[in-house]
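Below, each structure is written out as structure tokens.
Here subunit A shows up in two complexes: once beside subunit B, once beside subunit C.
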Partner chain A sequence: MVKTEVALKLNGKNIKLKAPVWKNLLDVLREDLGLVGTRGSQGAGNCGLCLVLKNGKTVDACSIPFFELMDTEIVTIEGINLIKEFPDRSLIISEVLKNTVSYRSNSIIMAVKGLFLEKTFPGDDDIKYALSGILSPVDDSNGIIQGVKKLVNMRSRRRR
Partner chain B sequence: MKERPAKPKKQPVTIPGVKSASAAQTIFFPRSIKELLTLYNKNPGSIIFAGGTGIMMNRRSERERGGAGGRPVISLKRVQDLTKVVRRERFLEIGAAVPLSRLASIGSRIVPKTLYNAIINYGYYGTRNLATLGGLICSPWDYSEIITILYALDAQLEIRSIAHTGWILISGLKKADGESILSENEILTRVRIPYGSWNRSYSRVFGMDGSSTYPGAIFSGFARIEKESIEDIRLSFGGIGNRVIRERNIEMTLQGKKIPLTEKDLSLIESQITDLLDGFYKPKDIKETGVLATPASINPVESYRASALKRIMLWFLNNLEYPDYLGQIGGLQNRQSKLYF
Partner chain C sequence: MINFVSDIYPEGTLYGITVRSPISKGRIVSIKIPKLPKGYFVVSADSIPGSRTINTHPKTCIARPWLAEGNVNYKGEAVLLMAGPDRNTLSYLSMKVSIKYKKEKAILNTVNAETVEEYLCRTAIRRRGNIDSAFKNAYQIVEEEYSTGAQRQFHEEPQAAVSVWNGTRLLIISNTQDPFGVQLAVSEMLRLPKKKIRVLVPPVERAESELLKYAGDEREAEVNSNVETICFNPGFNGRLMDSVVVAGHSALLSFVTGKPVRMVYSAEEDFMYAAKRYPVIARYKTALDEGGIPKAIKAEIVMDAGAYTDGAEEIFERILTMAAGSYGFPNAEITGKLVKTDRIPFGVSVGSGTPQAFLGIELHSARLAEISQLDPYIWKKKFLIENKGILPSGARLPDYKGAEFVLDSVVEKSDFRRKYAAYETLKKRRTALSDTAGPLRGIGLGLCFQGMNNDKDNDPRKYSLRMKLARDENIIVYSTFQNLELMRAVVLSAAGNKLGLKNVNVSAAGIDTDTVPDTGPAKPLIESVLIPRLVNECISAVQKKRFNSPLPIEVKKVHRIPAVLKKQIDTKTATTFSSVSWAAVVTEVELDPLSFEVLIRGVWVAVDGFMGGGTDISAGENSRCIKATERGVRQDIVIGLNLAAGRGIKFESGGIIEKNIIQNRGYMGILPYIDISFVKNEMHSEKNTGFVRTGVHGLSVAAVAPAYVSAVSQATGFYPNHLPVTPLTIQEYLESS
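After this line comes the complex of A and B, so read on.
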């Protein structure tokens, strides 16, 4: 298999990677780089487990082929604290993830982070929009939404 | 011994502003529609890559994806002209590479509300940031609620090649067998959604645990009611035999009728819709002779979808006089399917 080289910024570091052009980002992260915090299941864009930030937007790692990574900035769960943005991972864990027992906790963190990068003070609809399809029935969805709202309130108090 | 002359190397097609990522599989990153059309004309049959949600899902193995020496790929991520959204007086014009999240952020005041609801319920956050409207339309699978609504709204598509530009109705994009009519150097560039003065609208997705990317069956209905009479009505059905169905005869039958519809009207419509939907899932032998020659060819899933669609269409027609009720139920259904995967 002929590999191609792509330069990108991964978790704050400029790196060059070699991989087959159609290999998806999820496999590159897990197999080539050992960043196993990004989870995956079927690799079909259906489950919402493999969320990463690509140029500040939350996207599925399984839907991004290697060649699309050229000149992009990728942040995975391992590099989430490198973003100089409030709220950080520990706050999300303490306020949001206490309401979940699911395998999707990393995806929830990435979705909330992506939401905060997109909107400074997200409203109720924005929070539901960001979390839709990610939560599972075993999660306390109301508790998670309340947790994100609490983070929004903390954020607005800090801004004042 | 005489040396064999070296075989001349095949030069990849390059034009200014285009990068080639791999020697084995050429990948182009055009920056304008003109460059894109030129490249597509020189490399007919290339894979057009927009969001990737469809291509990556259905081409899991390297060999399926073209592998080494496969078809060239044209990535749309740098073509800014395809990411424009323009609001006109009578329609909304959307570039083919506009991601669904962008349409969601524009809001329901500009995007028709039923379509907006379908967009915010499509897949989840990561998928909506990647999936593009053009990609959904050109996908060989018409399972999406968004597509069913676009059929009902008579969306128009701008098809371009290096030689010509033209507009077609979305219903004309695919042949009866589901294959696209686009030739190898034609591409979808813009989608035009007419603003209709609809005062009743409803869309419903069934089955597959509320999944919006692979729903079981989809119904979308739009109507304009003036003085208790149906001025205009659109009904479209998705998920039957991987196609979206819209039957103008049924719409014509309903136009001009007073609401509430009489029992006679409803039974006439029911028989029409039964004939229409049966044609898409029942084998030919049972339709024509009443005898089932090949038992394995009956598809119970399609049968379930057809009966569900029939029921919800009749429910919609029965409730045309209650616009608030239709809106509330539509909203409730959307909210319920929103939070869980």
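After this line comes the complex of A and C, so read on.
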């Protein structure tokens, strides 16, 4: 079994990881590191469940080969509150998810966090783009989008 | 620490995968397995020590085998199971397995299956009045055919199970709706006594907060205590037969290898091989007199069960019962055919057959209303079921007046009559679609009912519920019910009413076959019958013991069929419904005359099934119940719209096209304006439940689809007869005409 070693920063800690070359980031997180908050379904970018932040941008963990992780900074849902920028996880849970959780909520939290890291005041199209492919047919998509808009307003009030 | 099944990785676990048939029908000629590295295993049907078919539905026509032996009957059928410590190696080895088949002619669509005798599993006929004479004297005969395709049953977590066999006992952790069904099926497969098999269903609603330890969040405890429990798509989320299969496969692998085995379907595997909604073809022929009054109806229902029929018979019966809708046709003939095809076994989905039954008859009734030049609301009211609630199919509806209440409510709220008249005038004035300057508009009305039946009455399993009044006067319920919101509300109400305990703390014990009794598969239609009945019986038993015995008091009650229903079942006079709930839906749409993109302007829903938690519980609890129910209705509307206007499931040489997964998931656009109202039906019996409460879940799906299609039809002048209706199908039709 061909293994490779990479050094990366995961949830604020510098670590070295050894894993078979064919593994992707999602497998490493869930199977080797026990960070099962990043959900997945062993597919290839088809379910929108495995969002993580790679160097501050949201990416599907299942589509990143393990060997591409050298010198990157990865933040998963377990470490999301180490990023102090607005909004924190509790706020996303209360305003966007309306205090409900499901199998997909971690992915929505990551998408919203990534959106606010990328754009200070995201517009309607930015919000829809960030959430596209993540919301499921049975999600209250209107409620979620309204929740994100509320966060945008909160941020703009704080800035003032 | 308990979490989602797919998040569980026991120490030393092996991954399990399924080797599937690449052909739709054929005979297995030979199986060649490559030399396996140490620690890798292959299991075939020959390794099964007990029953080789899944016996959860003992009276089914064609039972499903655990693993194919001899023949394969659909593309994707499980032939072998493999287990090993590395998933990638396992998947490489699975590709090296060589199975040779001798292909046979497969039947891959419902229409072809109808004509082949060996594919016809069951037929049925229901008659009322003198159908021949009515058709002979008819002034006009209207004939139409409608069909619904397969629909994905959306669930977030794929089918998953983790099994651990320690030599004496088997532990199965599964996200099933029917833990005792899994226990029964696996015990027969492995020839183990049931007590040696323990099935656990993780309480997913709390999983997130219990699982994750978030770094750097000091307010975590506060956040977790504020996180509301969510029973996602309560109970009924496509985890009946498929979950039994996955749990059985992982149990078999663990039993053979002696190691923990984790079997989790990938999103693609789940999409392609998990059960989809039964496709149905409905053909209607109605005899009208000179005044446009329907005198007789002939309905022919053809339901496709897929390769195996487990569970299909129950849905087939339900569809036949509801095939003539809510209308009192004086003469009727309803015939039904349950056929098999060489495709994936289809399955029970939200609404349990109601959407398939009502789509055809509601669209047909809209057409009849148009022919009679009546507004659909007036037509429906005029021909609604009367005669003590006896349907043309012979079934009796106990709460049949509900139709009027919901119709009146939804029509008033949506301003249906005014809008319908206005859009009808526009449609008549128009000579061609290109004449329209602005968008094309239409509005549709759908009506449906859902009967809570007693299909458990013929089931050999005994269903019971256990309840404990603890020392601190809190109540703990032991059951396999997954609709915790409903159970909590019923317990609170009954405890307040009978025990005088206000705002008591109610908790549900975790679902574990070792500690809870078998309360049956967590199906909303069943739960809405059993929860009120069993909870009230338990509370009454506690009431009797309360001042004679010290706390804690523990009671257990077994489900028994009410005498009236038992008599009906014994004499086979009618299909029995213990209660019925109604829904009426109005959908208004706007279409772009060039692209035919549909914008839904609003959906108005009235249901008579739920009136909150009753008077015996606090306002806060009441509002919580209503919110949870509204959330369920909202989900039903989305599922209904998805059925009517989604992408649908497409088959190619007998298998589901994998790339369709993209269209069948994810963001489906901004939800329209949705108005939900709960209407009081004075006919609902309150003696059993203490307050008005019947099944709501899955109800609205059946009325949303016909309302949407009628609206599109009014807007375009095109009469769709197959779901889903997409801009492409509209365009194709208009171009061809």
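A few points about this structure:
We adopt the following convention: the second predicted complex is superposed on the first by the 155 of 160 C-alpha atoms of A that agree within 3 Å, B and C clash if a C-alpha of one lies under 4 Å from a C-alpha of the other, contacts with A are read in each partner's own complex, and residues count from 1 in each chain.
In this section, contacts are C-beta pairs under 8 Å (C-beta built on N, C-alpha and C of every residue); 3 or more make two chains touch, one makes a residue touch a chain.
Here the structure is a predicted model, which means the values were calculated and not measured.
Look at A:Ser105: by the touch rule set out above, it reaches subunit C but stays clear of subunit B.
Of the two partner chains placed by superposition, only subunit B is touched by A:Val6; subunit C is not.
Residue contacts after overlaying the shared chain place A:Asp124 against neither subunit B nor subunit C.
Residue contacts after overlaying the shared chain place A:Ser94 against subunit C, while subunit B stays out of touching range.
Shared-chain residue A:Asp140: touches subunit C; no touch with subunit B. In the superposition on chain A, contact of A:Val36 is made with subunit C only, not with subunit B. In the superposition on chain A, A:Gly79 makes contact with subunit C only, while subunit B stays out of contact range. Of the two partner chains, subunit B is the only one that A:Ser63 touches; subunit C does not reach it. Of the residues of subunit A, those at positions 1, 20, 22-23, 43, 46-48, 128, 131-137, 141 touch subunit B in one of the two structures and subunit C in the other.
Residue ranges on subunit C touching subunit A, taken from their complex, read 3-4, 6-7, 9, 86-88, 154, 156-158, 204-205, 207-209, 211-217, 219, 222-223, 226-228, 230, 232-233, 264-268, 270, 631, 634-635, 638-639, 642, 646, 661-662, 665-671. Within the complex formed with subunit A, the subunit B residues making contact are 19, 21-25, 27, 29, 49, 51-53, 55-57, 59-60, 62, 65-68, 73, 75, 77, 101, 104, 120-121, 123-127, 129-130, 211-214, 338-341.
On the side of subunit A, the complex with subunit B involves touching residues 1-2, 4, 6, 20-24, 43-48, 50-51, 57-60, 62-65, 67-68, 70, 111, 114-115, 128-137, 141. If you check the complex, the residues on subunit A that touch subunit C are 1, 11-12, 20, 22-23, 27, 30-31, 34, 36-37, 39, 41-43, 46-48, 77-82, 88-90, 93-94, 98-106, 128, 131-138, 140-142, 145.
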